[in-house]
Amino acid sequence: MSVESVVQFRVRYSETDQMGTYSNSSALDWFECGRTEFFRRTGTSYAEMEERGVLLPVVESYVKYRGRARYDDLLETTTTGRMVGKARIRCDVKIVHAGSGMPVAEGYTVHAFIDPAGKPIRAPEWFTKVMENAHADEH
Amino acid sequence: MSVESVVQFRVRYSETDQMGTYSNSSALDWFECGRTEFFRRTGTSYAEMEERGVLLPVVESYVKYRGRARYDDLLETTTTGRMVGKARIRCDVKIVHAGSGMPVAEGYTVHAFIDPAGKPIRAPEWFTKVMENAHADEH
Amino acid sequence: MSVESVVQFRVRYSETDQMGTYSNSSALDWFECGRTEFFRRTGTSYAEMEERGVLLPVVESYVKYRGRARYDDLLETTTTGRMVGKARIRCDVKIVHAGSGMPVAEGYTVHAFIDPAGKPIRAPEWFTKVMENAHADEH
Amino acid sequence: MSVESVVQFRVRYSETDQMGTYSNSSALDWFECGRTEFFRRTGTSYAEMEERGVLLPVVESYVKYRGRARYDDLLETTTTGRMVGKARIRCDVKIVHAGSGMPVAEGYTVHAFIDPAGKPIRAPEWFTKVMENAHADEH
């Protein structure tokens, strides 16, 4: 039961460092861009979820740096999300060069569902349904 | 009637770019670090000001890039603040290499006083007094 | 004699700050994204220019912050470039909300032409021609 | 056989996001600040290592987000490094609130030793010795 989303973007000059490749923390910003489109693909958007009082802070992140990416390179991010129990979601992300498919970075983030006061909550029913429906659409 | 504050910091690797110097937007982050210490020097802190309901968004910024700065270079920021009328403050910033005094960047930011709802307000009396007292301390 | 380029992008979560709007230094990163597409529109690309030994460091930047922009808002950047003498280029940038046209930020950056050793140079003839041709295309 | 280094710093305004805590990618920038001081503590510095032709790109990163940190909070980073075989180094990092010791984030980065051409190399003998000597100094 997972939802997948693909998005392309270009490496910014400010994201490069003096090694001539992307700065390692940029990978987490790109994971975030991938997640934004992933949530939109589920029919809702993360901005809307926050407005409804559902926040998804990152509780864990892992990145394996696979290859270089230079300024202006066109990259492609594939994000796959799946519920982990009732109160967490895990997003797996793969970033490759858009043309060649050469690997750039891959990894995941784990998110807890919390309310605006910071209290852990179960994933709301409407979101669980969205995840299930999105799954149904795919097959 | 101005208050001055000096602070040192090192260039982060993530702040360099493929030209081998600091990325241009980093200058505004460093201006911000300078302002943080500038406000603390006035006897209050910007974090406290926000808690008291006084926000100071940037409404204007200007940077003149004067020279290179590489990873791990020790830089020194001098921030001078002064009221512009009753509802704005201007912070002038100068960044140099700590050892040699060689110029890195200089410029300014202008900030409006607003309340948490975003409404423009006059600088609160306690802040104006702090600015005046800090001035008195110097001379 | 100017060239214009328009590009859209979304505000990243990491670009917001605790005021709930975009962090002021992000404006300079967005100006950079605008410039990247501006150069591509002239027929070359800035990545190519650097490979040919022409670097364009920012020597001056100015931003007027006009309005808020929240996470996931779709923004539109319009970049207009024009030569300033033989050795500098100025890029004027305007950022608005894509739907409503509501202003977000505007300003400019000035860039010097330098060689890889850091020596100021005149804009290469091929670039000046590109700027002129692009102009000719428009009218 | 490990070397440890402690460094304090304040959360920047630009590192907060609209949740009011630090943006998740900032943790990797802070890990980097910790590493910079860790390498200096070994008697050399990472800037010097790069000048000697030894580069240490991140090949893996893991972060566990443990607690909130707001603008201007004073944090403390403890970095412990140890060789992993002959060609990799792992840096374990723990970030806490400086006053209370309340946890903020912890995790690690793994780095490969490469030469300026990008070719994997063994850790140079002088660095291995530095790591051993630093260890000897501690006990």
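Labels for the chains are A, B, C and D, by order of writing; each one numbers its residues from 1.
Following the convention adopted for this analysis, a residue touches a chain if its C-beta (ideal position, glycine included) is under 8 Å from a C-beta of that chain, and two chains touch if they have at least 3 such contacts.
These numbers were taken from a predicted model, which means no experiment stands behind them.
Colleague: Specify the chain most distant from chain B by Cα centroid.
Modeller: That would be chain A.
Colleague: Tally the contacting C-beta pairs at the A-C interface and at the A-D interface, and name the larger one.
Modeller: A-D
Colleague: Just how far, in Å, is the C-alpha centre of chain D from the one of chain C?
Modeller: 34
Colleague: For chain A and chain D, what's the span in angstrom between their mean Cα positions?
Modeller: Result: the chain centres lie 25 Å from each other.
Colleague: Measuring from the mean C-alpha position of chain A to the mean C-alpha position of chain C, what distance in angstrom results?
Modeller: 28
Colleague: Where does chain A touch two or more other chains at once, residue-wise?
Modeller: Chain A, residues with two or more chain partners: 13-14, 24-25, 28-29, 32, 70-71.
Colleague: Tell me, which parts of chain C touch chain B in their complex?
Modeller: Within the complex, chain C touches chain B at residues 19, 21, 24-29, 32, 50, 55, 57-65, 68, 109, 118.
Colleague: Taking the complex as given, what residues does chain B use to touch chain D?
Modeller: 10, 12-14, 28-29, 32-33, 36, 45-47, 50, 70-72
Colleague: Considering the complex alone, what residue numbers of chain D touch chain C?
Modeller: Interface residues on chain D, with respect to chain C: 13-14, 16-18, 20, 23-26, 70-71.
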